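Following this message is one structure expressed as structure tokens.
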Amino acid sequence: MFIAKVIGKIVSTQKSEKLIGSKLLVIKELNEHKEFADNNALVAVDGVGAGIDDIVLVDWGDSLYENSKLSVDMAIVGIIDEIQLDQ
Amino acid sequence: MFIAKVIGKIVSTQKSEKLIGSKLLVIKELNEHKEFADNNALVAVDGVGAGIDDIVLVDWGDSLYENSKLSVDMAIVGIIDEIQLDQ
Amino acid sequence: MFIAKVIGKIVSTQKSEKLIGSKLLVIKELNEHKEFADNNALVAVDGVGAGIDDIVLVDWGDSLYENSKLSVDMAIVGIIDEIQLDQ
Amino acid sequence: MFIAKVIGKIVSTQKSEKLIGSKLLVIKELNEHKEFADNNALVAVDGVGAGIDDIVLVDWGDSLYENSKLSVDMAIVGIIDEIQLDQ
Amino acid sequence: MFIAKVIGKIVSTQKSEKLIGSKLLVIKELNEHKEFADNNALVAVDGVGAGIDDIVLVDWGDSLYENSKLSVDMAIVGIIDEIQLDQ
């Protein structure tokens, strides 16, 4: 899983049947200090009610989805309240 | 999932039986402002009727395909109408 | 698998049902000399009782989880006592 | 999937039982103009009768293999006749 | 699959039950000329009797393991005798 910020959303009418009804959020990876990493934006299905500017936990691959029957490669699985770093 | 632009197509006569009948599109990743990222071109199977110059949503891995029985690692799963960014 | 150091933890109240009860640790990849790599921090579920400052072995993908029924893409699967390098 | 050129082959006598009888080709990723990308060489199992200097289509992950029962993470699934780019 | 050199091993007493009895080798990716790539070291389970300084073939993902019941994301699946490059 990685840490990301929700920066927008995707509007798509012509799409796979499996994505109908899913909220498609544009996310960008953050480092542990909540600064943007150099990576490009990605698109994840929202599974927890996340919205613009939320700091979220993103899971990819199909392990999670085998259980949740979410047929996609990337999903928001948590809204992060706090990142507690050791100092 | 990531955002990409369709830039071409692949012609291949000698190929895996599983790919026969599939439209093989050449795609290049875009950032959230629809500018090309530095990544190389990739090849995805079209699942939604996409064509040259379309901005598309690309899914990879096998989670989606477990449902759709598409036996490939990368597929176009949506045509993007708009990327709405928070400002 | 890769080598990483546990540098913190994630606090998240609104999360996927599958993550409830899991300890979510923030990790950073190390090279073979236990120096931080340039990669960003990631988040892994703890499966072995790891804590802050531990050097750990991280597994990703779903192969391990098919057995352990851990529905996540990244997990700590070992605490590293020593990295013995050939010299 | 990505585009690659076959640049050599691997000779290995001591190998996993699952690889016995497979042709192990060394490949290097190409960009859409058939120029070598900066990535390192990889090794793929040949599934379509590819040989040295062929431009090929490479699939990775396990989606394809669930069908073809090819127990490996990377396979050549097509020989590319032409890459038609939009101009 | 990729080409790598075995450079060490991991000692870990507190680890996942699935890893007990497995030899955990530290590997570093090589390019086709057997020179070290810039990537960090990784850790793979040995499946073929590999040892320090061996040039090996590494498979990742879960396709191979669905057959071999090896519950890990990265395994050494062959010892490379020779890399024959086209010249």
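Going by the order they are written in, the chains are A, B, C, D and E; count residues from 1 in each one.
Just so it is clear, a residue touches a chain if its C-beta (ideal position, glycine included) is under 8 Å from a C-beta of that chain, and two chains touch if they have at least 3 such contacts.
What you see is a predicted model; the values in this text were computed from it and never measured.
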item: If a chain touches subunit B and subunit D alike, it appears here; value: none
item: Degree value of the rotation bringing subunit B onto subunit C, based on Cα positions, nearest 5; value: 145
item: Inter-chain centre distance, subunit B versus subunit E - centres from mean C-alpha coordinates, in Å; value: 31
item: Separation of subunit C from subunit E, taking each centre as the mean of its C-alpha atoms, in whole Å; value: 19
item: In subunit D, residues with contacts to at least two other chains; value: 60-62, 66
item: Chain ring listed from subunit C, with subunit E in second place; value: C, E, D, B, A
item: Parts of subunit B lying in touch with subunit A, wherever the complex brings them together; value: 1-3, 29-32, 37, 39, 47-49, 57, 59-64, 66-68, 77-86
item: Residues on subunit E engaged by subunit C in the complex (per definition of touch); value: 6-16, 18-19, 24, 26, 28, 40-44, 52-53, 60-62, 65-66, 70-74
